[in-house]
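After this come two complexes, each holding subunit A, first together with subunit B and then together with subunit C.
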Partner chain A sequence: MKTSSSYTTIAYLFMAPALILMGIFTFWPVGFNTYLAFHDYALVDGTATWNNFAHFKYIAGEELFHSAIKNSLLFLLVVPVIQLAALVVAKLVNSKLPGMTFFRASYYIPVITAVSIAAVVWSNVYKYDGMLNMILSWVGQALHLLKAGEMVEIQWIGDPHIAIFSVMGFVFWKGIGYYMVLYLAGLQAIPAEVEEAAVLDGANAWQRFWKITVPMVKPTILLCTLLSTIAAIKAFQEVVVLTRGQSDTYTALFYVYAQAFQNYNFGRAAAAGLVITFFCMILAIIQFRFFGEKK
Partner chain B sequence: MATFTVRRVAGLSAHYAGLLLFMAFTTFPFLWALSAALSGDPSKIWLFPDAFVPNDLSLMWFKRVFEEMPFNTYLLNSTIMSFWTIIGVVVVSVMAGYPLARLKFPGRGLIFVAIIATLMLPSEVGIIPNFITLKNFGVWASSLQEALHLPSDWNMREWVGLNSYFGAIAPNFATAFGIFLMKQAFEQIPQDLVDAARVDGANELQIMWRVMVPVSIPSIAALTIFTLVNAWNDYLWPSIVMTGKEKLPLAVGVFNDLTGPFATSTSLVMAAIVMTVIPVLIFFAFTQRYFIGGLDGAVK
Partner chain C sequence: MMKFKRSLAVAAALFAATTMSAMAAEKTKVEFWSNSLSPKFDSVMKDLTAKFNGSQSEIEAKWVDVDWDAFLPRLTASLAGGTAPDLVNLPKPWMDDLAQKKLILPITKQIAGFKSNYTEGALKDVTYEGDKQIYGLPWYQVTGVMFYNKELLTKAGVKEAPKSFGELLAVAKQVKEKTGVTGFAPKLNDGFAGWFLYDGLPVVKGGKAVFNSPAHVKLVEAFADAYKAGAIPKDAYKMGFEEQIAAFDGGKVAIFAEGAHALKRTKTDAPKIYAQTGVAPFPLAGGKTPFGGFLFLWSVPKTSKHVDAAVKLGQFLTSDDAQLAFAKASATFPSTNKALADPFFQAGAKSNDPIEKALATAADSIKVTSTLTISGLPDEAAMNKKLDEAVEAAITGQKPAKQALDEAVAYWNEKFSAKK
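Showing the complex of A and B:
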């Protein structure tokens, strides 16, 4: 029989690869990022000099950073929309009718495609002479809202007032299948009898949705809201590939990315990153408190 | 009774109408891309609804993608990187999951909490420090190469530093998701099985490899599939680490080419997109139950 101390050695040996890799690529960056935020960093020779909070003072007064934060907060609008839509869609595909596997799969396709590739298609959809305007024009003409030959010409990703919402639309399209699957798992845990009883009692679909489905998938709603809130605050890959920050679409993390890899100001990027990490933490804590009490 | 049937038919029609409408929303960009890529005559690809039917069916745009873009290089790079990412993730997760699930040792609770806590961190913020870390790895590797008087054409800087396969995939090896998934799987294995192996004189490595792993194949398969899709689609990190064109994976290489010099012909762009998406779709068709049915275990 082995002693417990030999188990300790074995346990740490087994965990060594994970701990080393996480140490280098996950935990070290947190510390190093904090260090960078307070220093001027020169990429060429790797020297860092203390700069007396200069980065924080700079971003506190910078218009671009403010608009980036504003856009990131605006991005939170996606959260309730995507949650409600995902729950409704999950409800639709959670049935024994034929063809459901096919529908689920087709809703999941955007999730499994690379964000960069999907963005190339969507930039063609969003162009002023792109597919979305073509579809809208066709619908408009079919409904006689537009005169024959008249076209919808909206600059979906060129107009600073609209562009950020177009990026949100892309995020919605890309993410809804993922949340649908999570809700599907939650819905499948609801016993069928509950709903059947409600049908017998004469409850209509609307009542059943709000009085039975929503309360019973509350844990999933908490999980998904948390996940999508964090995802919304962190949204920036979509910006990188769709608009590259043009037409007023800087989000907070895109600011970090652009400062680091376009301006090569790693210190300032790290300072902005630290501010965002702080935001994320607070948000996570608030959400846990908020939902934790209601449980 | 008649009204009941009418209402039922109406309800069913509304149900399927909703499903079809939403399917149109999720799939129209790719359907359009497919139709445009198959159209030998691109004059109608901007017209709705004509664009959704291939005009003058032909495969010439796909052929031109191979001619004008290093598509095969990208495909090979994506394959290499995805393969090694899967190996890395599975090995690291299995090895770390086993002691966390089945062995008692000091610090277990703390380590587990630390691993789960990484889920809360915005990992994107780690991009800058990781970029610097990899740059340093490259510098150290080339000093090591000089110190050992190794031939200069070995170019060890590009083994572990920037512009290396290692650098593009190693940060993805240790994930909280993978470790958590394997820990959950190992916890469900009956203790009797482990005890029997121990009585037979098996050591911990043998228990893990001969008992735990074979029983946990479904979980390992799920982890493999998720990892493959993530690795195949990873865009941002490889786009930062890979400074040369010859090591770019599909998601980065095709994107760079399509938004750069090749953007002139929409048909060509659409053909390249279809070719990039199709391997994932075929893979998804075979494994979709893991994505859209078997998530329960991972969520709870």
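Showing the complex of A and C:
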């Protein structure tokens, strides 16, 4: 006869391979990072000395870190937009029309495209003499908003007032397919009868979307919102490849990177990283309150 | 019996294999990292490595190439992990940073016996200002040469290449006015401090930031004027090496400055533009050096256990013959006096081929070239960012130059005083 404790043991045994890997590559680095955040770490001899919160005091008064945090929080604007868009797109490609697989695949292609390659393409879109301005110029001229030969010359990734939004546009394009697939899985779990019953009761498409689809994919919404919030706060790669942090697009993780690999100040980088984690956790708690199952 | 024989043979083979690897292990293994040279210069690097290994009985060098973008993160991580290589190929500004953080070793003593081989300018570059110690073995160097589109300049009524920086900006404006094409693409995306130094203007003096004097303001304003007139590209801040070449190749920019190697791209990608490319030395200003000078060198990381072997390898790589071989393969310049005097570099002085001409022009400029960089800042990442943002705001017309520089100077001095 099996006791419950032997079940537990077996359960842990099954989890062990994953736990060991996570321990080495996730928990240990997080722990060491926390340790570093409170110490002056000398790269030369690997010694760490307790410094009485000096790193936290420093970044608390650091203008650059403040603006980096501000930019990272600004990045959160992309979360509701990408969630709603991904849900709508998922709904659209969830139909049984022929050729749907093609659309599903096309929306997913940006997700699997290397960020560096995608960035090369997008910097040509965003350049002041790039594709986006060219299209806008055509449209403007066709509608006679612009004089013939006059070109739109917006610096999409060069103007500090709009550059960050352009980077968000890139993040949106890159990420929407990922969330679409998650929502698609959520949508397919909705039994067809519910929708059919609603149709019989005379509910229109708008009502069915808000009264049936949205409530029934709520767990997926929570998951996707969490993931995209964390991704937004962690925005870094997209910034490096598109703007190198210029034009007021310097994000919090860019600060961490610069402190570690340009200034070689690992302690300060760790402290900044910890502060960012703290922001992530607060946001996660709020989201669980909003979307989580009430018990 | 058969079985016994076979196992004996296996044992013997095993024994031989282990002793051979043990013998090989007796050699001191020295790993060295070059900086973004693969795959273009694989053959010359492999050749040099093989030559070195052939000449040594006790050292075995292993060549690894690391990409520019990955170089510092990878080096830093390996230093922290104690697995750093024995010799690394650094550009001068990185050497300063790493020397300041004591992550590379001074080799003043080791280099003493042969340092007179190198040019004076190169030796000055490998000496870290902070402690006057030598931290690297000078290797290849490049300098900026001016390339111009002859057809565009002629159309604009410009008869000869500009001879001063002021003239260069004036010509750029004239080209824009007469032809509609952007005149000059200055390199701005690596930071602006180098331009101050190019103009002979100090950035830091006596532990204080001093880049808001009237002369500094005037230089920034000159750039701002050119930007406003469209004489320099609207996206000048987005243009690196690749983008500048692409713009020149596409006939979108009339003048740019780079090393001769940049033209190799034009030759293959835009033969029509190449045929009408003119070459002239980059005009000197108050700093008495052309813009775009850059020295690469070999340094020994702090964690190296084979310092002498590493220096020996570095000495070989930077010897006259090895430098000459590399320079010829890469259209760059050696940093030893003897290699630089090689007739190869002056062969193109009278040539009509732009690359050959550029090489000869640069060979003259290289003698007065030094790397324009500042070092020893307490929070380099944040300070450079502040300076560059301030200048960008001024050049793109979002802020008056004086105000932008004043703000950046105040920020710098705050950092300097916080350090004390």
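Rule of thumb we're sticking to: the second predicted complex is superposed on the first by the 258 of 295 C-alpha atoms of A that agree within 3 Å, B and C clash if a C-alpha of one lies under 4 Å from a C-alpha of the other, contacts with A are read in each partner's own complex, and residues count from 1 in each chain.
The working rule: a contact is a pair of C-beta atoms (placed from the backbone, for glycine too) under 8 Å apart; a residue touches a chain by one contact, two chains touch by 3 or more.
Source: prediction; values computed, not measured.
Undergrad: Based on the shared subunit A superposition, would you classify subunit B and subunit C as clashing or fitting together?
TA: Partners clash after overlay.
Undergrad: Touching A:128, do we find subunit B (first), subunit C (second), both, or neither?
TA: It touches subunit C, and subunit B stays clear.
Undergrad: Which partner does A:157 reach: the first (subunit B), the second (subunit C), both, or neither?
TA: In the superposition, A:157 contacts subunit C only.
Undergrad: Would you check which partner chain A:60 touches, where first means subunit B only, second means subunit C only, and both and neither mean what they say?
TA: Once the two structures are laid over each other on A, A:60 reaches no partner at all.
Undergrad: Now for A:197: first (subunit B), second (subunit C), both, or neither, which partner does it touch?
TA: A:197 sits against neither subunit B nor subunit C.
Undergrad: Go through the superposed model and pick first if A:282 touches only subunit B, second if only subunit C, both, or neither.
TA: Neither subunit B nor subunit C is touched by A:282.
Undergrad: Looking at A:46, would you say it contacts subunit B, subunit C, both, or neither? Reply first, second, both or neither.
TA: both
Undergrad: Would you mind checking which one, subunit B or subunit C, touches more residues on subunit A?
TA: Comparing touch counts on subunit A for subunit B and subunit C gives B.
Undergrad: Go through the superposed model and pick first if A:182 touches only subunit B, second if only subunit C, both, or neither.
TA: A:182 sits against subunit B, while subunit C stays out of touch.
Undergrad: Looking at the overlay, what does A:246 touch: subunit B (first), subunit C (second), both, or neither?
TA: second
Undergrad: State whether A:266 touches subunit B only (first), subunit C only (second), both chains, or neither.
TA: Both partners, subunit B and subunit C.
Undergrad: After overlaying the two complexes on chain A, where does the subunit B footprint on subunit A coincide with the subunit C footprint?
TA: Shared contact residues on subunit A (touching subunit B in one complex, subunit C in the other): 43, 46, 129, 260-261, 266.
Undergrad: Would you tell me which residues of subunit A are touching subunit B in their complex?
TA: 4, 7-8, 10-12, 14-15, 17-19, 21-22, 24-30, 32-33, 36, 43, 46, 89, 92-93, 95, 97, 99, 101, 103-122, 124-125, 129-131, 134-135, 137-138, 173, 176-177, 181-182, 184-185, 188, 220, 223, 230, 233-234, 236-237, 240-241, 253, 256-257, 260-261, 266, 269-270, 273-274, 276-277, 280-281, 284
Undergrad: Inside the complex, what are the residues of subunit B that reach subunit A?
TA: Touching subunit A from subunit B are residues 12, 15-16, 18-19, 22-23, 25-30, 32-33, 46-49, 51, 91-93, 95-96, 98-100, 103-106, 108, 111, 114-115, 118, 120-133, 135-136, 170-171, 173-174, 179, 204, 208, 229, 232-236, 239-240, 250-252, 254-255, 258-259, 266, 269-270, 273, 276-277, 280-281, 284-285, 288, 291-292, 295-296, 299.
Undergrad: Please name which positions on subunit C make contact with subunit A in the complex.
TA: Within the complex, subunit C touches subunit A at residues 72-73, 76, 79-80, 82, 97, 101-103, 189, 234-235, 237-238, 252, 302, 379-382, 385-386, 388-389, 392-393, 396, 398, 411.
Undergrad: Per the contact definition, I'd like the list of subunit A residues that touch subunit C in the complex.
TA: Residues 43-44, 46, 62-64, 123, 127-129, 153, 155, 157-158, 160, 244-247, 250, 258-264, 266 of subunit A touch subunit C in their complex.
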